[in-house]
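Next come two complexes, and both contain chain A; in the first it sits with chain B, in the second with chain C.
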Partner chain A sequence: MKATSEEVQTSVKKLFEDGSIGHFIGYETGSDSLHVTPCFLKSGQAASRLVWNPLCANNLSKYLLDFKNVEGKVGIMVKGCDSRSVVELLKENQIDRDKVFIVGVPCSGIVDREKLLEVLGISPGEVVAVEDDGDAFLVTIKGGTQRVDKEKVLRGECLVCKYPTPLVYDVLLGEAVSSLPWVGDDYSLIKEQEALSSEEKALHWNREFSQCIRCYACRNICPVCTCTECIFDKKAPRWISKANDVSENLVYHLVRAFHVAGRCIDCGECERACPMNIPLRSLNKKVEKDLLELFDYTAGIDVEQQPPLTTYQLGDLDEFL
Partner chain B sequence: MVDQTKSRIIEKNRLTELLDKLAQDYHLIAPVRDNNVSFRRVESGSEVTLDYINTVLSPKNAFFPQTETLFRFSRDDSRGFRTEPGAEADREQVIFGIRPCDARSLRLMDMVFNGQYKDSYYLDRREKTTLIGLACFDPAETCFCPTFGIDPASGEDVDILLSDIGDRYLVEASTEKGAALLDRFAEFFAELRGDEEQLREARKAGLAGMKKLDVSAIADKMAPLYEGDYWDSIGMKCLGCGICTYLCPTCHCFDIADVSLDEGGERFRCWDSCMFPEFTLMASGENPRPNRKARVQQRFFHKFKYFHDRNGELACVGCGRCLRYCPVNIDITQIIEDVTSGKAGNE
Partner chain C sequence: MQDTKEVQTEFKPKILAFCCNWCAYAGADLAGVSRFQMPTDVRVIRVMCSGRVPPELIIRALANGLDGVMILGCHPGECHYSEGNYLTRRRAHVLKRLLSYIGIEPERFQLRWVSAAEGAKFSAVVKETTDKITALGPNRWVDKR
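Let's look at the complex of A and B:
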């Protein structure tokens, strides 16, 4: 059985009561029925605000960095993907495992709002609630309920998700989900792009990056972008111009893709945050695929495993030297 | 009321042809669908889409580009430098499809760029621009422009207003500039048939129930919130990205920098955002707005207090972009309600 909002509320309330946590990071209903928003609790009294439903897209793990210096443990709600970024944060000593209480929730996919509205041909105000129902979502609309096939309205990263159940947790709410039936070849799109010529790739990405407005939402929302001082903000020396043009934008995106290489866990937050709809995941997926093929490495699985690009072994491949 | 003498109609099937003509004579800037719908320079009418509620980026780029060269400099033969203007003077431009909320934002930007200091770059473009607005009859859930006294079906801040009334557009010029453009392209426009007013009134039904908040006392109610913990949870949630400020049609802060190469370079200005830590970082290392809370607070104080203190207007037009695109769902209408209802001070 899937965990319900009520189970989350009861469980969090108990954690506050028995002193396991002093803070909790979860989700609450947002500005309308199609939005949730991050929610920060200091006591169990407000736990009734918490929700868990197929709209809980945000990866909350980055907020853990803001709780490094608080007293007591901070509790956090994580889905499968979010737990993998927690693994990365632990690997990099960004957070202390003893100071975090992880409430894991197995996830059977998150709704892509835009896709849902398009498939149903409705406006956001008409939606009352969205619930998980196996291979479909039950969407309550003013005046009735509609069943929508998940494959039509899932977020891109959920269509290729191999880790629906959290890999690290202190308590797991609801039954573990071992695999998602719709997940097939997660690199089919990347293979298509790899087949393009250099000129075609340049054309494609220049067109995409020409639309970037450098709002840095993709960086700021990224759970593994943890530098306190970022190369793109540095004024002296200035590594990248603040001028918005396609070559500066390209430098920004490529440097970021390389910096999160081996650390990106494909939570899809960069792409979700991008107001200009730039398909950022496909950059990161390409790097992910290369790391898998070259080093048999997948990020966010095991705290003991070091990312290939930050370790050195005598037996390393050196074909490029 | 439709002014019979200044108003015309254009059949929908003639619009593309009109846009083609406009693109020949002007820099035509219109909504284009790429990864999203945004205002772009177009060469022909077929590139333009009218299937949108509002664009992701407002048309502020056409007056206040994200990046613009102010001037170029290079060494001259003696020991000095010579400078030349950054860009050729732009041609006359037409912005087609601007919504009444975005049109109002230009009036607010004018207060900044045409106030105590005259910004020649902005004003030159503003002067050379004709605004062809598109009345809004199907607003989004996130729209709340009536809050700021904006009528989404009105042509108050544009030169010409088009209203979609089914098989044709009602075309009304509200300025001389607009009337001149209608005369120039008179071949595309026809006399009214008589039922236009009625058809437009029928379409206005879609505007009933739009969100309208009472902001009459908001500037006074903001003041005591400078101290206190109202902004704590909002600052906690905020990612500190630039989406809200960059998509906002009224946000106008910028930075100026030089690019220097061996033989010369250029000085440019570019959008900047109060959401970024470096926005207020001083050379000493001191940052008067040291955290996300302080920066979030600044954004709302600027919109609902400082701008009002200085210019007598609130710096928001209710376009809803910031709340629609915020990845963590920070909702400006909720903040307005919290502030005006007094809830914000009593947590």
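Let's look at the complex of A and C:
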């Protein structure tokens, strides 16, 4: 059985009552029923605000960094992808495992709001609720319920998700999901891009990067971007100019992709946060694919595993000729 | 994306070489002392180790208008700091693939090992890289000149 909002509420309430946690980070309904926002609780009384449904897109693990210095344990709700970013934070000693209480919820796909509205041809206010129903979502609209195939409205990263069940947790609510039926070759889109000529690639990325307004939303939301002083904020040396210029945007996006290399777990938050809809996951996914091919490394699986770019082997590929 | 350089009669590439202090820089010196002939399109920046060259420097150089960038370091196992070149080797392979993914030809970024005794190899590498990049033409990613 899948975990329900009620299940989450009762278990969080219990955790507060027996003193296991002093804070909890979860989801609550946002400005309308199509939006879900992060919810921060200090006591079990307000636990009834918590929800769990296929709209809970946010990766909450980044908020753990804000709770480093509080008394007691912090409870957090994680999906499969979020648990992998928790693993990365643990690996880098950003958080202390003893100070975190992880409530895992197996996830079978999150709705891409924009895709859903487009498929149904409706405006955001009309949706009342979205529920999971196997290989489809049940969307309750004013005046009826509609079944929408998951493959049409899932978020991009959910279409290639290999870890729907959290890898690290203290309690797991609902039954574990071992694999998702629609997941095939997770790098097929990357391989298509790679096959293009250099001119075509440059044209494509030039178009995408020229849209960037450098709001840094992708950096700010990224759960593995944890530097207290980011290279892009440095004044001396100044790595990136403020000029609105495609080659500066190129520097930003390449350096960002490289800085999360070996740590990016493809939660897709960068792309979701991007106001200009730049396909940022494509860059991250490319690096992920190379790290897998070159060094047999997948991020966010094992806390003990050494990050690939901080180590080496004598037999690595040699100089290029 | 405009090629304002086309008005020039002949394309002379700008190439940057990060040479490690202990091997490649000495190799470059030897190439000069031995009077090997080579193209003059390469600008050398001396760094203490090839492991000191982060991907930001390569990306920055390409975005600033350089047509090609090289990292020249000690052969594996001969690094003055034991393991700097091994680490840069891993990074360089990932970066090369990422650059090629967004349309920067892989030839524009080179990682080569040149020891202090290999003046001939240094001049050969410089010649080869210059030829390749001249054939490719200007770096199309730069829109400010």
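The rule we apply is simple: the second predicted complex is superposed on the first by the 313 of 321 C-alpha atoms of A that agree within 3 Å, B and C clash if a C-alpha of one lies under 4 Å from a C-alpha of the other, contacts with A are read in each partner's own complex, and residues count from 1 in each chain.
By definition in this document, contacts are C-beta pairs under 8 Å (C-beta built on N, C-alpha and C of every residue); 3 or more make two chains touch, one makes a residue touch a chain.
Note that the structure is predicted; figures quoted are calculated from it, not measured.
S.K.: Mind checking chain B and chain C on superposed chain A, clash or fit?
M.R.: Here the two partners, once superposed via chain A, fit next to each other without clashing.
S.K.: After lining up the shared chain so the two structures overlap, which partner does A:Asn206 touch, if you call chain B first and chain C second: first, second, both or neither?
M.R.: A:Asn206 contacts chain C only, not chain B.
S.K.: So, A:Glu319: does it touch chain B (first), chain C (second), both, or neither?
M.R.: Once the two structures are laid over each other on A, A:Glu319 reaches chain C alone.
S.K.: Based on the superposed arrangement, let me know which partner A:Asp245 touches: chain B (first), chain C (second), both, or neither?
M.R.: Both partners, chain B and chain C.
S.K.: Just chain B (first), just chain C (second), both, or neither: which does A:Glu269 touch?
M.R.: Once the two structures are laid over each other on A, A:Glu269 reaches chain B alone.
S.K.: Rounded to a whole Å, what is the shortest Cα gap between chain B and chain C in the overlaid structures?
M.R.: Here the least C-alpha separation of chain B and chain C stands at 12 Å.
S.K.: Under the contact definition given at the top, report the residues of chain A touching chain B in one complex and chain C in the other.
M.R.: 245
S.K.: List the residues on chain A that touch chain C in their complex, please.
M.R.: 193-194, 198-206, 231, 239, 245-248, 250-251, 254-255, 257-258, 261, 283, 286-287, 290-291, 294-295, 308-312, 314, 316-321
S.K.: Note which residues of chain C are touching chain A in the complex, please.
M.R.: Contacts found on chain C: 1, 55-56, 59-60, 63-64, 76-77, 83, 86-87, 89-106, 110-113, 140-144.
S.K.: Please name which positions on chain B make contact with chain A in the complex.
M.R.: Per the stated touch rule, the residues are 34-36, 38, 56-57, 66-67, 140-142, 233, 236-237, 239-243, 246-247, 255, 257, 259, 268, 270-273, 276-278, 281, 323, 325, 327-331, 333-334.
S.K.: Residue numbers of chain A touching chain B in their complex, please.
M.R.: It comes out as residues 30-32, 35-38, 40, 58, 63, 66, 123-125, 208, 211, 213-217, 219-221, 233, 235, 238, 241-245, 269, 272-273, 275-279.
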